[in-house]
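The following pair of complexes shares a single chain, chain A, combined with chain B in the former and chain C in the latter.
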Partner chain A sequence: MADQQHLPDQLPAAAAPQSRTAARSWSARVLSLLPFLLLLLSAGLIASQVRRPAALLTTWVPWIEIATIAVSMTPIVMLGGIDLSVGSAFALTASVFAFCLQTGTGTLPAIAIAVMAGTACGSLNGTLIARGSPPLLVTLASMALFRGLTMSLFGGERILVEQSFQLPGPLQLRPQYYLLLLVLAVLQIIVHHRVLGRWILATGENRTAARIAGIPDRRVDLLCYATCGFVVGLVAVLNVMQHNVAVPDAGLGMELQAIACIIVGGTVITGGRGRISGTLLGAAVVSSLDIALNFLSTRFPVISLESRMIVTGILLIGIAVSTQRTAGTHPE
Partner chain B sequence: MTRSVSIRIALVLCLTLASSGCGDNTAAQRIRIGMLPKLVGIGYFDAAEKGAREAAAELDIELIYDGPADARHEDQLRIIEGWNALGVDVVAVAPNDPEGIAQTLRSVSDSGVRVISWDTDANADISRRSFFVNQAEDSAIAQGMVDLMVAARRQKGLPIAGPYLIVSGTPTASNQNSWIRLMTEYIADRYPEMELLPHLTPGEDQREAQEQTATALNAHAELNGIWGITSVALPAAARAVMDADRTDSVCVTGVSLPSLMREYVENGSVQSFLLWDVVDLGYLTVQVAARLHSGGIQPGTSDFGRLKNIEVRDGMVILGPPMVFDSDNMDQYDF
Partner chain C sequence: MNALELHQLCKSFAGIPAVSDVSFTLIQGEIHGLVGGNGAGKSTLIRMISGLLPPDCGIIRLPGSPEETWTAHTSASAGILTIHQEGEFFPHLTVAENIALSGTFPLARRGLIDEGALHENAEAVLNHLPHPPTPDVRADALTNATRQLIRLAAALAAKPSLLILDEPTAALSHHETNWLLARIRELAAAGGTVLYVSHRLSEVLELCDRVTVLRDGRVTSTQAASGLTAAELIREMSAVQTAESKTQPAPLQSQFASSAEESSAAVRITWPADSASDRQHVLNLKRGQILAIYGLVGSGRSSLIARMLHLREPNGLQVLIDGKPLQGITPHQRMLEGLSVLPEDRLTQAVFASHDLRANTVISAQGARSPMAAADPVNEYRQTQSVIQEFSVRCTGPQQPMQYLSGGNQQKLLLGRCLLNHPCLLILDEPTRGVDAAARSELHAAIARQTMSGTAVIMVTSDLEEALSCSHAIAVLAHGQLAGIYPADESRRQAVTAAAFGTSDQSVGSPESSTNAALSEPVAAATAGPAAPSPAPEFIRNGTRSHRIRDIRSRLLAFVVVALMLLLSISSSGFSPLSVIDAAAPWCILTLAAMVVIVAGGIDISIGSTLAVAAAVAAHVLRTPLPVSLTIPLAFLAALTTGGCCGLLNGWLHTRFRIHSIVVTLGTLTIYRGIVILLLGRNAVTGLPQQLNLFIQHRETGFRTGVLIAACVCCSVALLLRRTPLGRFLYAVGSSPAAAHQCGLSVSSVRMRSFMLGGMLAGLTGFLQLASGMQMQGTLGSGWELTAITAAIIGGVAIEGGQGTVVGAILGCLLLRLSGTALIHWGISDHHLTLLTGTMLFVAVLTDRLSRQGAAHG
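Moving on, here comes the complex of A and B:
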């Protein structure tokens, strides 16, 4: 917990840009450019390799899904929390949706049930965390719980969907892109232009102080986790509509990729500071790095899967350390 | 702060567009083939890669061989979609989930990529794959396994009549279920004195397969023979028979890899078993992919590189009859 006397300065809109810039050392500035340099490098690599640029939009779809979940998880991290269960909740809601369709429920009721299931997952986390349980512990447990439910309720089998959904929107973008834009816009407004956003950041900075100031921190907790679950449900529905199948081991590792996007995007993992748009930038860096290394490995088989993971890991640690430090720089 | 962020993003976009302009001119024009195994890092698919690289070198084409580290369906989707953007001309896929991958293959083929499957077929109707490079016909494998069992019984001077057991993999494995059906038909037709017990489905789990086989051995004192019809089930069955000390009365055969079966063939608990030449399967897949791109493949028999008289029919390219592996030829194969 940071000193309470800094609290007013740390509310983001209140921070004076000039004083912070002045306080920043030269090295911190260079470090803060690292994500942009990496994005530039990756984008250049992808551009030099790609032969069918239109197909890139499809290549990016799994990352768009992760980015959407990362954006919806950003308020949770701003609160000083975390949600490790998003991958499992994704698999659970995808299976619920596919199961409903398979058993003859209409498309709209099936969507409603699946999104409700996602929201229920998030609300369960939110309720327990609002009662004072540590987010890491609660969501680690619910990660196992949701995955176990997916496996046992649906027999551990993939569920095929017979209906065919043709959903290419305008500009031939998959609906996942529009969902990301929508979630981004709504959360950008709520977090950065509404009082609720101030409440989130204040609670993340110092929960006790926020509570004394009259902020309903528990309701803020519940709302953030439930919203995240709601968005996870929507993403899962679109995923099943695209692939016509729900796989029980879907979304494995998705939570870590989402958290990587948030951290690289400059939201401080201990809460109290961050930007919704930063998560989008983080997702752009993480995804283009992954795709660029994938492309590179087809040219040079030396770049095996293992070495790719090592390179990604090291670079992300570097960015995370630098963004966490610069974002945490306090005005003197 | 916000302004400087947007300036930086604009800079990135400008430079990206500039560099993409350069990229297009330098792109090589060799055929680019993406070959996707179920997973990388296991003997079976390493052997397939060896054959695939051999064919790629012969034909002077660019081969991308990559796959997930642990047989995951989602990773396969991601790799295929990346290859589409890279501009591969042909994708050859061994799907982990033949149904789940079908929509992705269809959308890839809609954007102009030719799609073939190998090792395991993808749903042909939805995926619109051009060909399935099949290692061997199901009926040839099923009949071959039954014939090997009969030969093993005769060689030991034991009667054919009596109960037999099939140990499979997962209940939904399409190859295995097809073999079981064909084996049952063939036995009813040719060896009606053989009696088939209900088959076991222990999954792709060696320990589970071994335990279930051991239980079955206890329950059926008169058991004549066991087929292990996955690469995991066969060594597990052989081990269970060895542990029960019944190698003299119970014959074991099936489908597996030479590297997994060496021990049991050397100590005589298994005489012989079936498989196809996996190196040749990889070789044939790349040959088919290249031929598909440069012209077309007609039904009938034709030569693919060093593989002669390969049969093409019903949307399948068939490698040939399965091979029998025994102590004489096993050491020539390193997969």
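Moving on, here comes the complex of A and C:
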């Protein structure tokens, strides 16, 4: 990322007259409430439109998968990195899993192989990034590589799975929901209540300083990317178990949706600041808005696909204005 | 005659006044000293004079000119030039370009840069330096001190009417300082005015005509320098009577004597044998001792720590702590072994600016814990409180963000961070650089206290006073080698200085191992005089390996493209290179669109949508019932304008709201795509006029207009980037935004222009796509942004900005297209194309790594 800008020495950051600072903090406060307001609004819309609430839970499953991946990518963004390859890694692990099942590997070994493949994808990114290559460059490359492997190895065909899986689902919730809760809980504890989380945030804020202060930044890098790959593998396995098919162009654009959730959730893209739970909020806002507008568009043709896209884009930028700008770190 | 008048200037940050009610005048031709403690408001005042900060109240004006708002522009047009304390450089630009950026580019005809004059101007500046580097060397190959010298030389050569120097000698040696002072006097004698800001009071008193003292943001006095003494200045600066700062030697020496007996050597440093003498030098440092490492600029002082810590090739230098070698292990392991380092460059190497004091203080202590251990906020808070109290850090509490502290207070806190680990070896690199006198003595006292608890300290310093007053022994470096080890004792001042200059002969320089037996074992006086030809003077830091790798890469790329084309022409009859070029033409333009933004340090992932919006608008224009001769040019213009506007919106959002460009363009990506569908409806637009085809290929003559247009665009973009000031500005901003800001470049406006240019190029691509497809679909261009960025990266554009050429980007684009064609011609399934692209990108990642390693080690 080229935006690593230096602070002017010894100068307080908020280099603005007091009245302007006050106005800005006021507007920032209103903007920081925006996600909650939007969430309420769209939840209200959905509640008023939906006829079978149980069906809603199924509607939400693709978003739950994205939310899980977004949560597991949040530590990477806190490190000042980014992972563009999650969508491709998702497709690759899903195909590997389906292929294993098709060729008669048992379910548990197939799961193990697929999750290992996901972890390997993440570790490849992590290894290269830990050795100093820019994350954007590495994951752009691995995004093409994993997608290319999926296409080349499995011939660009859908891989059907004969077995049907009766996934355990108390409360009629799909297992994706439980996976999200599990990943969220584990990462919330690790990032906000464990030393590792302090390491992650410090490395994201100033990598050189963290290294000199004795933080094993390379190990942190590798760990974060590998964890993300591991979770992507789990999500892909559950996806194939649900749909009984692996599609080679699965997860296209997933990385950008996940990044959007993280940004709306308030994690700063240049690293150093953010919250795991924020990403869940971000995913909730983005998904409920999308679903609410979808409901509305069936009722009112005016609200069509294009307006949904425009609203989502404006939402993203609007929330970024309140959370992403780093006061005073921009030389101007 | 007055050169500049300041009237009752005020400035406060978040309610805390930094400068209040400051008034003084600068007289033309004088050298005016400005002194004051850290946090006295010197830097703020300077930034206001150079127009970087608007004052809250008060007036800055030139005599006789009307009152007007004082901006960076008025300041620059009045001939005011500022050299900031921690100057920035553009690492990816050449020395000549760096020099030109701090002034102006020499222009030849039609606004193009005159390369010859650029080179000559640089040589004219560099010739004044003691060791002039060539103007064509890239700035990232230079050491900090050389960069600072070049910056000063360029400023002096520009003959400003007012030159402001903020701590110009902080990084310079005695010799270089004398050179600088002489040059400043020359400038003043020629009628220039100089505002000289420094902590080095002896320099100020020696150089300046008048001195203004600042304390807590207010002027305490402005008086003639002659007759003043340093003690008087210190008294005014600190309000309380401070004794001479040289208070340390006595207690330390006694401490040294006692500790020498009770513990054995804790640290053993072995210098390799050098060309001057065949013996290697061994230095034993016991617990509780302080070793100062003193040397001039270029003596290897700055690289010694890097060598010790194995951050750079140690060249035989070996450090043993308690018998265990220090080298080859990571910083993390070193910390666990009981080593703490306080790095030289506070801002980039030590501070977590936006984190609070608590996080900044406990970070090292946390590094020593297991990653899965529970973080304990209460304990962290308590530790921070104790550090704040022990070092009397001026702050509002552990919750205050680090960036609000002044440099001296930050430094105290950072020392506290190092000590929290109870290190057995503490390495301090310039611990009091840019720190005021009061804080300096507090830091020295804290270091001395720490030695009581049995820590060995290695302190690298460029300040002889500090070395003499605050250590047990001084190792002197000269020309990259150890020139001798001396007991720290006022009587050795001459000998140390002489050794540092490399002029010591045996009689002066021979350090008696008898008086210093505890410290240095069989230390031989390494007379690193002029007889020892230093293998590499330190002003060139690394070789040209990274340049060579880039060079090889671009040649290899060109070779592969040509070879692939030949191979295809031979192996497959249906292949014509022209058809590939035809298909690649719009892609080349799109790749350039991605490239111009990346070069300026941004990234635009909305160019695919921008392209579609531009094409949709053009399609609408084309379908208006006007004569074709009118609609086609109009549509062309509309596409360009729409693209430009989309880019401008991206750039505005990015710079106005300070949002990362990837976030902005991720948002506008969906917005623009929504607008496309809004404009088109669900169906493809067809029925475009046939004459549009002229933009691709002339029907009768078969002349390929599309290729011609693409070629023209590529040439003009290449010319723009290579030979116009704007193009150089794009590279400069991408290379280092902070340096660009210091040079008075508006980072925002340059970035904005890069986005606009990218948008216009994307719009042009959209129009060409419209012309070649003769229809317009809502999905046109979706996902193309990643392909374009991929092509640019394969072509050698660095994703962090500042590097990349048009030729490289075009070659990358051609390679991508050619490989797709090759797969089809050789009957390989196009499933493998993505894999091939991924592989090529990985090759780009690997060469990028190689060139980075080249830059790091060289």
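Methods note: the second predicted complex is superposed on the first by the 299 of 332 C-alpha atoms of A that agree within 3 Å, B and C clash if a C-alpha of one lies under 4 Å from a C-alpha of the other, contacts with A are read in each partner's own complex, and residues count from 1 in each chain.
In this text, a contact is a pair of C-beta atoms (placed from the backbone, for glycine too) under 8 Å apart; a residue touches a chain by one contact, two chains touch by 3 or more.
The structure presented is a predicted model; accordingly, all values stated were derived computationally and were not measured.
Asks: Can A:193 be said to touch chain B (first), chain C (second), both, or neither?
Replies: second
Asks: Which touches a greater number of chain A residues, chain B or chain C?
Replies: C
Asks: Would you check which partner chain A:30 touches, where first means chain B only, second means chain C only, and both and neither mean what they say?
Replies: neither
Asks: Considering only touches as defined above, state whether A:307 meets chain B (first), chain C (second), both or neither.
Replies: After superposition on chain A, A:307 lies in contact with chain C alone.
Asks: Of the two partner chains, chain B (first) and chain C (second), which one does A:182 touch, if any: first, second, both, or neither?
Replies: It touches nothing on chain B or chain C.
Asks: Of the partners chain B and chain C, which touch A:320 in the superposed model: first, second, both, neither?
Replies: Second partner only, chain C.
Asks: Which residues of chain A are in contact with chain B in one complex and with chain C in the other?
Replies: Residues common to the chain A contacts of chain C and of chain B are 17, 305-306, listed in rising order.
Asks: Along chain A, where are the residues that touch chain B in the complex?
Replies: Chain A reaches chain B through residues 17, 33, 36, 39-40, 43-44, 47-56, 58-59, 61-62, 157-158, 160, 242-245, 247, 249-250, 252, 277, 281, 291, 294-295, 297-298, 301, 305-306.
Asks: Where on chain B does chain A make contact in their complex?
Replies: 1, 5, 8-9, 11-12, 15-17, 19-20, 22-24, 26-27, 32, 34, 40, 64-66, 69, 72-74, 77-79, 81-87, 97, 99-100, 102-104, 107, 111-112, 172
Asks: What does chain A use to touch chain C in their complex?
Replies: Listed in rising order, the residues of chain A that touch chain C are 1-3, 5-15, 17-18, 21, 82, 128, 131-134, 136-138, 140-149, 151-152, 155-156, 190, 193-199, 201-202, 205-206, 208-216, 218-219, 256, 259-260, 263, 269-270, 272-273, 304-310, 312-314, 316-317, 320-321, 324-326, 328-332.
Asks: Which chain C residues qualify as touching chain A in the complex?
Replies: Touch residues, chain C against chain A: 12-16, 18, 38-39, 43-44, 47, 52-53, 56, 85-86, 88, 330-332, 334-336, 340-341, 343, 347-355, 359, 362-364, 366-375, 401, 403-404, 406-407, 417, 421, 434, 601-603, 653, 655, 657-664, 666-678, 734, 737-738, 740-741, 746-748, 786, 789-790, 793, 799-802, 829, 831-839, 841-842, 844-845, 848-849, 852.
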